[in-house]
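Order of writing sets the chain letters: A, B and C. Residues in each chain are counted from 1.
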């Protein structure tokens, strides 16, 4: 998807040097993001005592599920992992590695919170860009950004039979939504794509880390009425 | 989807006056239905104590998920909410409104049962029509009607980690199925589309309300054998 | 899907007699497999006390869901059951029949384990072949084989609000994965398609039955860390 995106990026920018830089940065962020998400998926599978095969599948669904849902909803084929099967290998290796380094994972908690936040914003950016390429309007592009950002985690929780906690954690989905609109606003102001991306990345990451640090939360809606 | 449907409707009818009337009525019913479904989705999210963002997402999935699943299965792009993002706004506003009027909701229970029944039949009708447009046979059209009618509720329950109660409530899915075949039969008898729609709406609504009133249920299948 | 597959099969084989034989055998295996999977789906629905309509829907999802997910991910339309609605009838009839013969089912446990194993390998084979037809590489083809083989069961468990046990049972998903690679290897060695299919079927079935008999399991990953 990133490689597909390149031609249209370069067409819309004057300085080819920037393009290569931006695309390479986004690709690097994407690879970090799917690796980190695969590892959180593997840990979730481990909490349910799944076998190694289940661990790999949950990891792939967590890392690549958000983008797949977005592409299926947009009818945007082929899916990323069909075009780039090497991403399947990367996420599978990350999942298997997680099994062996699991005892270390609790010491890496802070690192993973940062990587996860980075992944959230990077996924959101890529989701917005893909939607805009396909020709959707701004609102749908922002929704596609959020879907790309959070649906991997939602699918992971559904597969592991948890209530998706994406909606119960410090501003998680909200950071994705605000990042999407930050990027779309920057683009609307006709900033160069590279600047839009960098502003969104720093803004989104900062907001998410502040939310974790100070335990900011969206207000919750608690309803005690009868079911149905 | 409704607007897409218009040309083919008008081509198949002689009196253009009827067309506008039928399409406008179906659109109005569709808007009522997605609003009511969004509100039931928001209440389900509230029962799980989700944050506002989660409430909006569950509401959108409940209201627009059935049609999205149908369109993805048929390869019928673009999806309704991609073509008409205003529906996303409508369902989001309905969800946020629900948070504030939640204390009143228990007094509106009867109203919501009627709106929900209306939505079920309207969704089913629209699902059948979309499938027929795409060129499926009658059986697949009826299945697409049921998918459109009940999958929003199924997805809501999966996201909220409940067992889908669509299959455990008074004739819910069955009303959808019978409505689909009522419409297809009317069409087969070459009744004008408007009449087919009206007959199905009244029949389906009546059946659902009678089922609620007299607590009619499909027989249940209870199996106590070992799992696997 | 099987009928669609025929022309390309025949093009790739010299002996037309073999083609008819292989395709007929695969079709027969496919019909046995969807019937057996529909019945296991119906039993799962019965364990949750669903009504008859729910039983039929869970049965259809279990039997046809794996292939549908694969085709949606590949953008391979129309889906099997849209093209061949008779498969919907077959799975529905099998589901309703299961309701009546449920008391006998515990005596047929061994038979069902064999049929289920046969279905797993047949689904995997068909998934691989479909992916290769669409033009994917070998890795994606093997993934499509596994998706076709195990996703029906995963969807069944998600709909019934269970943790997918596909990943916790004797080599289930692993047999699918190894069957896929066995077939792809045979094809790579340019064996005739019929031989590749037969070798894979016998090998996969044998491995699965041995795994059940001797209770072979993939190692499990058990992680006790905090959630998130």
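Everything below uses one rule, namely that a residue touches a chain if its C-beta (ideal position, glycine included) is under 8 Å from a C-beta of that chain, and two chains touch if they have at least 3 such contacts.
This is a predicted model, so every value here is computed, not measured.
The rotation relating subunit A to subunit C, fitted on Cα atoms, amounts to 120°, rounded to the nearest 5. Two copies of one chain, subunit A and subunit B, touch each other, and the residues they use overlap weakly: the shared fraction of interface numbers falls below half.
Centre-to-centre, using mean CA coordinates, subunit A is 31 Å away from subunit B. Within subunit A, the positions touching two or more other chains are listed as 72, 75, 158, 161.
The touching residues of subunit B, counted against subunit A in their complex, run 40, 42-55, 57, 68, 72, 75, 77-79, 81-82, 85, 88-89, 99, 102, 105-106, 158-161, 165, 169. Partner subunit C is touched in their complex by these residues of subunit B: 72-75, 136-137, 139-140, 143, 154, 158, 161-164, 166-168, 173-174, 177, 217-228.
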